[in-house]
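Two complexes are shown next, each including chain A; its partner changes from chain B in the first to chain C in the second.
Right after this comes the complex of A and B.
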């Protein structure tokens, strides 16, 4: 299934993206030419250790870089539109519709003084077209489900009811809210609509955030470490939910995580990041079966595996590169056991070594 | 030298270094003008176990299960409500200040957050010296410096690091310094409270290797507390699973993973994400959240989330008892591959 998806056109393409941060210590070269493609309806996991630039990539995509950051080079193309050329206001509209993001800590992104109902309603009110479509379906069929709207969007056959009254739209919005909460498997959605974020547990808040993200019918869904703050049993629930929703929501997912095991559970494809570069991308199975890049190989041997216990774990010598004065050439070369003279010169390009398996390393 | 796991019970002499009996830590909830106690957070609610000399006992549990409070209670960093902690003939739970000082020399703790557990205004040298001075390990400064250098070498740091401040180190290095500080007083027993959960995987591997090496070289005994089930399996000889302030199962590490006896353990184990996309996984999902430790469900505290729960489970709490070599707190013996109950414990 995953293989089939990857055949289609990329929904998102990032080309040679470079982002710098100016700090009082110097210029932090956070992204050093990131190349990434995300295909329609696939789940791509962006994996790396802290400081590798995975969250900066997400921030750049949604146009929420802090003031001291600047995009030096590169472009990001979402559905044929170049995001790097958008104004602040245009990016804001995109965040309201095409791109949705869920972060690690839902409590910082939910408004503590508004009920879940008000917050979901706000999302809908920003999307007049979606509501008008919903009213049209409601009138034609007597009932409306969120799934119908997704279907209408992917078929491109949306009918809108321009004369919908405010009362009608509000009623439809509530109906859709309940349906969405049911989709993310929150028990008793009617009661939850009336509750405030503090009344929900961590897992439930994350589900509510996911519901709000999907309420926009986004074409790009970014999940930034969404299970990191959760317990394992709750994490398993959320991952299971994401797997189940993937086929019902017409969106491509960019999943950012530091945990290779989590990526193994849900991703179709994995991109490994190191020091501001993508060093390897492959289909999930291929990456675990035959990792090419020395960093990926070492990283896989550094995680304890219950299925294959070892007496000693392999650790990667040295530390994550300092991004103010990063090592020249391949940023991994000071820690790499296979480093050659050429690695210190120019940065290796991401090249396809096997079908759908790209590696940035001079060994191949 | 053999790893502790390969010793048989008789070789180990079954010598218990630490015995915990009926241990409880309750925090009062106060309310109103007169600050009356209106209830208790029962963080640790009756825990008994023993740690053998030279072994690593892992304690796993989700947030709110009481694992960290247990660690702090054992060291008397929080005051226990009742129960005993026996360590070298001293009941730590009721010990006098003098006795506690004696015990703390033998028992040390390494905390989770290496950014918070080191004094930012002290150099590594003075951090280590302070620990040694308080416990009378060294008599003078030169002796302390010599010992500090030995310690740094032991944890994989070098001489040049001695006069630096914590902010000059990375997370992994800081955790090594915490280890050096704990070892400065020549302890026999270390409590490791999530020592690697702040670290990246590549760094985590090196800290875990260090802990294993030190255990071998110095014959240390560990109580390893974590929420990471893969890490605890890698590090421990035996594992205790905690749920809402109680141990629900205790067994050696492999049988707890491959042949769990308690329904909670089974579900916890099947929730672990595996670094292998081709592994065949049993999709069992634990419904709901952990209940509040203020309002613990009556009977077996797991019953509201347990698919095997019966009337009996709602009434009385099952005791931790032997089921096929495991200690498990469940009335039933369940074959999880078929989901059938195959045995029932006789009423007590």
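Right after this comes the complex of A and C.
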């Protein structure tokens, strides 16, 4: 299955993306040539330590970089369209329709004074075509489920009812909202619609956020550390939910996390990021079985393993590179046990060392 | 048998009633707020019913004509003379029993106070709503947009803050004549800048919250984000301020009236009535005391309600 996915055309392709932040202290070179491919219906986990540029990648993708940031080079191609060339308004439409993102902390990312129903409805109202489509299905078949809409989108056969009245669209929106909440496995969706965010638990809110994200029928779904703020049991539930939804929602997922176990749980492929570069991408199993890049190897050794307990976990010596004056060449070389002279020169390119296993390191 | 649909609807109703009960509970929890609410409601009811309780013609039937004051007999002691009767004095020849005495025109003070409450309340509502809507809109946009626009708006409000409010209103009223509309406008003129500052501060902190970022990620437009989300989250202090200002505006409006900006000297209005008694403060103190007391009670009541509203309205505080 994963094989088939990888061979298809990538949904998202990031080429040599460079993003700088200009701050008081100097220019922070946050992304230093990121190359990434995301295939259809694939879950790609972007892992890396704090400050390595995972979230900046996500922000760049949705076109919501802070004001002091600028894209220097590179392109992002989503479904054949170059995102770097889009205007602000076009990016807004894309965010409303094609790219969905769920953020880290579900406590603060919902409007505290509106009910879940109003907020979900709002997502639908931002894209009238989806509702008109839903009205068309409702009229044709007497009932409408969110799954029908996704099917219609995948098949590319969407009919819209242009003459849909406001009352009809409202009714359909409510129906879809309930259906969506049921899809993210929230109990008693009718009651939850009437509730305010503070009446829900963290996990429930995160489910509501996921529902809002999927309500857009996105082709790219970005999950920015969605499980970080949740406790472990809820984390497992949310991951389980994402896994279950993956094949029902026709979307590719970019999962951003610093937790390798989370990545291992849901991802098809993992891309390891270090200091604003992708240093290694591989299928999940391959990465855990045989990591190539020294950083990945050390990272994996720093995680406790239940099958192979050790007295003391290894840590990676040194500190996270300073991004204002990053080390030249491979950014990992000051901490790398295998550093060579060549590592200080040119930055190594991502090369395929095994099938679907790319590494940016001079060792290979 | 109840259908499923009916059950759900019934559940919704129950939830709504429970919600209302909780609201009332929050209100009841604080006795001062309860008292404020009751007094406010009492005055609102009085304002609505004033024309039924007291014949409004009484206020205007009077007037200086041909050297003689012509009053309805029912409400004065004797034609031709202005006699201030003290509270609780009854007149033998008729049903007259002046609970609060008579005013400087010889009219029943209680009747006049009752007639002046709708005048004061109406003006306060008009003034505060115009000032609040105007100030909130400008402040919200200034806070959200920021930059030069924000700066310009702030400097304009600074100009208004630099003047003592009452003096500015006085100048305005003196310049444009003593009609009700001028007076309202004069007070609106000094009343909107605080709303600008209040809402601007709220919006500044609110627009940095993560849910705004989430909305942007959702593809919501700026107009939608500002007016539907950010403004709604920042509006509670404004509502509290409005309630409290209702009392304040009544005081300011009456002060203007007291200072002689009343469109007509016989107009029943609390400040006007008090001004009327100003000349007789030693021989007939009640003419000044009772309208003043009513002013005090009304503005106090609105302040108490404002306090309570904050706790009741904001869903973030209802846990």
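As a convention for this text, the second predicted complex is superposed on the first by the 364 of 364 C-alpha atoms of A that agree within 3 Å, B and C clash if a C-alpha of one lies under 4 Å from a C-alpha of the other, contacts with A are read in each partner's own complex, and residues count from 1 in each chain.
FYI, a residue touches a chain if its C-beta (ideal position, glycine included) is under 8 Å from a C-beta of that chain, and two chains touch if they have at least 3 such contacts.
The structure displayed is predicted, hence computed values, not measured ones.
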Touching partner for A:177 - first (chain B), second (chain C), both, neither: neither
First, second, both or neither for A:191, with chain B first and chain C second: second
Partner chain(s) touched by A:55 [first = chain B, second = chain C, both, neither]: neither
Partner, of chain C and chain B, that touches more residues belonging to chain A: B
Those residues of chain A which chain B touches in one complex and chain C touches in the other: none
Footprint of chain A on chain C - complex, ascending: 8, 11-12, 15, 209-211, 213-221, 228-229, 232-233, 314-316, 319
Touch list for chain A against partner chain C, complex: 62, 64, 92-97, 100-101, 103, 105, 108-114, 122-123, 126, 190-191, 194, 196, 198, 209, 212, 216
Residues of chain B touching chain A in the complex: 3, 62-63, 170, 172, 200-206, 208-209, 212, 227, 229-231, 233-234, 257, 267-268, 270-279, 283, 285-286, 289-290
Touching residues (chain side chain A, partner chain B) in the complex: 49-50, 201, 203-204, 231-237, 239-240, 258-262, 264-265, 284-285, 288-289, 298-300, 302-316, 319-320
